[in-house]
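The following pair of complexes shares a single chain, subunit A, combined with subunit B in the former and subunit C in the latter.
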Partner chain A sequence: MSDNTMTSDKHGAPMNQQSVVRLLRNNGGIVALLIILAFNALFTPNFLQVQTLFVNISQVATIAIVAIGMTVVIATAGIDLSVGAVMALAGALAPLIFQSEFGTAYPVLGLIIAFAVPLLVAALCGLFNGVLISYLNVQPIITTLILFISGRGIAQVLTNGNLQTFSNPSFSYIGTGKILGLPFQGWLALLLACIVYWIVTRTIFGRYLLAVGGNERAAKLSGAPVRTVKIGAYVICAFLSGIAGLIVVAINSASDAARNGNLMELDAIAAAVVGGALLQGGRAPIFGAILGAVIIQLVKYTLLANGVEDEVALIAKAMIIVLAVYVQQARKE
Partner chain B sequence: MPGTDAFDLRRYLRNDTRSAGVWIALVALILFGLARYENFGGAYNIVSFLNYNSLFIIISIGMCFVIMTGGIDLSVGSVAAFTSVVAAYLSPYGLEVALPGGVLAGIAFGAINAFCIIAMRIPPFIATLATMLAAKGGALVISGAQTISVDWGSNFTKLGMEKAFNILPWSIVIVALVAVALWIVLEHTSLGRTVLAIGGSEDASNLMGLKVTRAKAFVYLLSGGCAGLAGVFLASGFGAGQPLEGIGWELSAIASVVVGGTLLTGGLGSVPATVAGALLLGLVFNVLNFENGRGTISLSAYWQMVIRGGFLFVVILLQTRIGPSQKEVG
Partner chain C sequence: MAPSLIQKTERVVQSLVTMKTIDKAFSGVPALRSAELEIVPGEVHALIGQNGAGKSTLIKILTGVYRKDSGDIRLRGEPAMISSPGEAQKSGIATIYQELNLVPLRTVTENVIMGYEPKMLGGLINWRAAHRHTREILSRFGIDIDVKAPLGSYSTAIQQLVAIARAVSLDASLVIMDEPTSSLDDREVDILFGVVRELKNSGVSVLYVSHFLDELFRICDRVTTMRDGQTVGTRKLTDTTKLELIADMLGRNIEEIEAAGMTDFGGAERQLGETLLEAKGVATGPRLHEFDLTVRRGEIVGLGGLLGSGRTEAARALFGVDALTKGEIRLKGTTWKPGNPSDAIQDGIGLLTEDRKAEGIVPDMSVRENMTLALLPKLTRNGQIQTGRERELVESFIRALGIKTANMDQPIRELSGGNQQKVLLARWLATEPDLLILDEPTRGVDVGAKLEIQAIIRSYVERGFGVVLISSEFEELVEGADRIVVLQDGYSVTTLQNPGVTEDMLVRAIAHHHEAGHA
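== the complex of A and B ==
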């Protein structure tokens, strides 16, 4: 029980020492963000333009949405490597549905199903992960490795490895639409963050989630439905990954099962960790994940805009992940 | 300490029954293949099968040591891709330079993993995930994102293409030697025993004064070196350094290790059973290829990934059914 309250204090009510630490940690992310912004303003040509903002928001949204889900999973001391594969799977299903005979005959119903079925399948992937992890006690890394590889395989089998191109303005709205002049998916990411934040801080599920991550045994002994909570976390993560997969497909007006969500698990883990998630569990800084996603996106953009090759950017990303985790480990000790 | 001995004995008996499963499955699948396909037992199939799977066997053995300590190495695939490029670049200097060069490059990545995990105390899967990324990036950078053709004039391609004493490919001979050496290390040296002890309980191993740090560093260096060797085989066997290869290899290796009865939480494992596991996984694909050839089924290359994941899934299901629960051991 004491652990339970401790974890909730970390997240909720401010306490002297903890709030100082938290302030530092939050500022750490923001300081990093400000440095990147300043660097770009000085050195990157055409950085301070609406177009740049636009591009970055439309790209950061998918990272942010997946990172929110990853944060929820990491809060249970778990990890989900299958997010990218789930994106590919959801992204492959949608065009298959609205381009099918049925989908073209009944466009409206077809569109609804083209959203509903991929997201349902994504949620089922999360259920698969969650059940294996909580009922069979298989490590999350190993469990999610199964879908990490075969999820994308299934997506490629479904599409026969072909690029599916389409023209469907109503579907593409989620990737190309604008609200108040800014990309739709940016708003969607914010909305989803608010919803998940509400779930984590204001519902019983959220309390249990942090308790399970803080100390699983204590949570179990105090009557928390540990298994259900873990399954819930993986379902949320997979569902959000499904949404991100659909957005990527909508942005491109094409679905490529080989590329959709490729390496997304790394971006999402990096964003979650940079945003303050502890790999040992017990914390779920949802808006931190958004901050982390923005930092990751800006690092990518900075490297790209300054002519650094993609391959070198991979190495840079690897170093960011290691550093972020290292700093957190050091703080914890 | 009679109590501990009795406990260990029980474990080993259990271990044997777990390993028995993979040997039985292996023999059954071989018999099935022999009965069903004409060319299955032919020299060509056997040699090409062993040659191709020597890559996975060697990576699986390295992975087995890492998993026995309760760790994981997700970087093996891209490290192998990286070292295949290194070996291709070194191939003009001959096998005697390219082989150690490739292995050393792999060990270097293993050293990065060991440093991150031991000194920086970063969880193994994060550290090796980052190395996976770095090795992939590195391979693309040094190769300019091109496959690098090896020097056909030197003796480098002998390794993957010619046979030792006209019987077996060199690659499989080397893998067999390495496997036997590591088997002895695991079963008969204090280093090997420490590896298993760490997986049983790292804290207890520390308290008992075992050289935990040394053993942990060893397994990651070993896994890197094994991946390095696999990369050399890759370059030699296919005549090119391939920066984009290695995707999903870590999964194959993990599956092979687990099907060999090694507990994912560490503390239990066997080198021969891991080799059997790698052979079994390879044989599943071999049999599927034959079925494809007969036209009874038609599976595209994409099915390979699905089957690989499915195989791991089945293995995990079996392990949780037969074996002690992970909590009991962990």
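== the complex of A and C ==
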């Protein structure tokens, strides 16, 4: 699944008996997706309806967007636990801005700032993570734990722990709008995936990213700016998390700092891993992450729609991760 | 240990391992074609061949890492099904890898008894017995060390011997050694050879893989040569010569090789250009104290010395990896302070590192991506890599250096060692550095690729660039370098000027100063 999203344009492997097995193993994600879809088509009531599609797209978009960022970070052999907290922080800031005196006085300017400032703050969070990791050599899991804890705290302090409700159709467009009949955030996720895919495969940053993750010492000795690359990865991840945070707020027309992005880090890591990212770094299957996000979302939906409780759904999610890791191991031979 | 030996007495020498008509292909590309290997008990059997000849594949099949496509493997005459490294170990086959698979942070004892701990009542480990057991095993090989110290606190040689001791303690009847001497100094090699002889005397067979042909004549009984996935033949080392082995490996005849010489630097007169680099009194850390070097355009300057003499540290200092604590470097006439590798690259220096795996290749990236890694800033416009130019360039280097790869998008880890090295060499040639530092450019590379690499280096300096050549092989330095700077314990002690340097002179230069110490 991941190999397709990487740079293997010309894989002239000859067909033999084993190739079917290999095909299955390398495209396990697609196969899993088809099985889930088939199951739902047969057993889940009202699954083949446009409404179901809308619900799933609008819910999967945020996971997918964060998973793209997570994949970039994992490509450096890092991890980012702070994505959920960054979502909460960005999500808390936006309504504060467009509901402020300034925001109500100048609605257009207020709206622009309500997008710009939260995303800037999110990017700064990524900068904070990246600097600590690359200059102070703090382990990524510990570094991002700092914002994992404090980021949501800051968001709650900013909102006094209250639920902020609002009515702002312009802002809510990113969570409720439709283009060609499909939810806006679905298109946005796709667009972001394309952009990041382009960055990873076509730019010098992307090449360095994979080199740093694949063999940091070799990359450094070949002149790669290792620190800058790592910082860049965390900034991208945090920025995308910020976008996801704004979308969640827009969907609900309310900002709840306590719940926005809660447990998102787990969904995003799971989606990235299911999509073929290797935790030891060196690989960035961006569209794999989208596929992983879709699978996670559909499993959640399937269980929910068939009356299985949320708690049980969590166990199912864990099973998927185990399966994905198993397939990865098998592929390494 | 070998019950079958008693049952089948019709043959005088029952072979320990027989591999016949072994075939193996990786994604359709054959790596082994009807390969054969026979090892008898108590012999030291060498396995040689160029990189990519199929040595590693054959060994990995024997040790259960890979599965054969077809063929017949027998252990002590019985058909053997070895489907995992664990099973190989149970059948008495132990492998000492180039990269040791031990745990450096744990004690020597823990590493030796791992998985086979002597237990006391209650399932606790009996450490006294464990330490005693470990000491006993090690003393068999004449090693007397503190077994309670972490393994990582000892030299590579000792670690290697501990790995062998562990293998022997598990009743191995075949010990496979993959390039065991590549990181050992002469004294350590002697110790290792003592251990190999000890193994042989106690009836254990050794399969010895090495690129250093001279070694084979010192300790091996027979040698099997492989070429292009096939077994060329097995010879007794007592009735063969080094040239014959090289001829076997290359598939050429002896006269051809004699005519060409053993290295491929050529000996033509050269005129030297202006001074490229001047280092005076350079010191970095505990291993480099005072290092002087001058390199002129069109010149290959060799760095000679034993392992740990500061050769690699000198290279790192010139490339900006380690910061200078003392001394001065002038590059192209101006004072130069190396900050980091990317500065050094920008200022026209390249460094081919010694450790291909740890500091050279990015294993999951393709041949193309590996080759252009150091060149990326020059291949980029507005942050975007110009893929057309990149492909053209890679294509031309693959052709010029004769790199054997299915296509430029093949992952580099799938290439043989010699071809990986050529890709890394191309990585630096592509940046066209004024000064190219090569740290052991032909280590672990087969004879054929070695000659090619040496020819490439020669033609590079002929274009007016300078090269610093670090090598443990005296032959390579003596024939390849225009001057040899000899290093000793972090000091550059003397310079030998070619033509006229012989291997003996170089050895004496290293040894003399070694005894005299430093004033």
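FYI, the second predicted complex is superposed on the first by the 304 of 333 C-alpha atoms of A that agree within 3 Å, B and C clash if a C-alpha of one lies under 4 Å from a C-alpha of the other, contacts with A are read in each partner's own complex, and residues count from 1 in each chain.
Operating definition for what follows: a contact is a pair of C-beta atoms (placed from the backbone, for glycine too) under 8 Å apart; a residue touches a chain by one contact, two chains touch by 3 or more.
Here the structure is a predicted model, which means the values were calculated and not measured.
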In the superposed arrangement, does A:Ile133 touch subunit B (first), subunit C (second), both or neither? neither
Mind telling me which of the two, subunit B or subunit C, contacts the most residues of subunit A? B
Just subunit B (first), just subunit C (second), both, or neither: which does A:Leu314 touch? first
So in the superposed three-chain picture, is A:Phe205 touching just subunit B, just subunit C, both, or none of them (first/second/both/neither)? second
Quick one: classify A:Ala289 as touching subunit B (first), subunit C (second), both or neither. neither
Of the partners subunit B and subunit C, which touch A:Arg217 in the superposed model: first, second, both, neither? second
Which subunit A residues are contacted by subunit C in one complex and by subunit B in the other? none
Can you list the subunit A residues touching subunit B in their complex? 79, 132, 136-139, 141-143, 145-154, 156-157, 160-161, 263, 266, 269, 279, 309-315, 317-319, 321-322, 325-326, 329
Provide the residue numbers of subunit C that touch subunit A in the complex, in ascending order. 27-28, 319, 321, 340-342, 344-346, 351, 353, 358-366, 369, 373-374, 376-377, 379-380, 383-385, 387, 406-407, 409, 427
In the complex, the residues of subunit A that touch subunit C are 7-14, 16, 202-205, 207-208, 210-211, 214-215, 217-225, 282-283
Taking the touch rule as given, give the residues of subunit B at its contact with subunit A in the complex, in rising order. 72, 116, 120-123, 125-127, 129-131, 133-134, 136-138, 140-141, 145, 248, 250-251, 254, 258, 264-265, 300-310, 312-313, 316-317, 320, 325-327
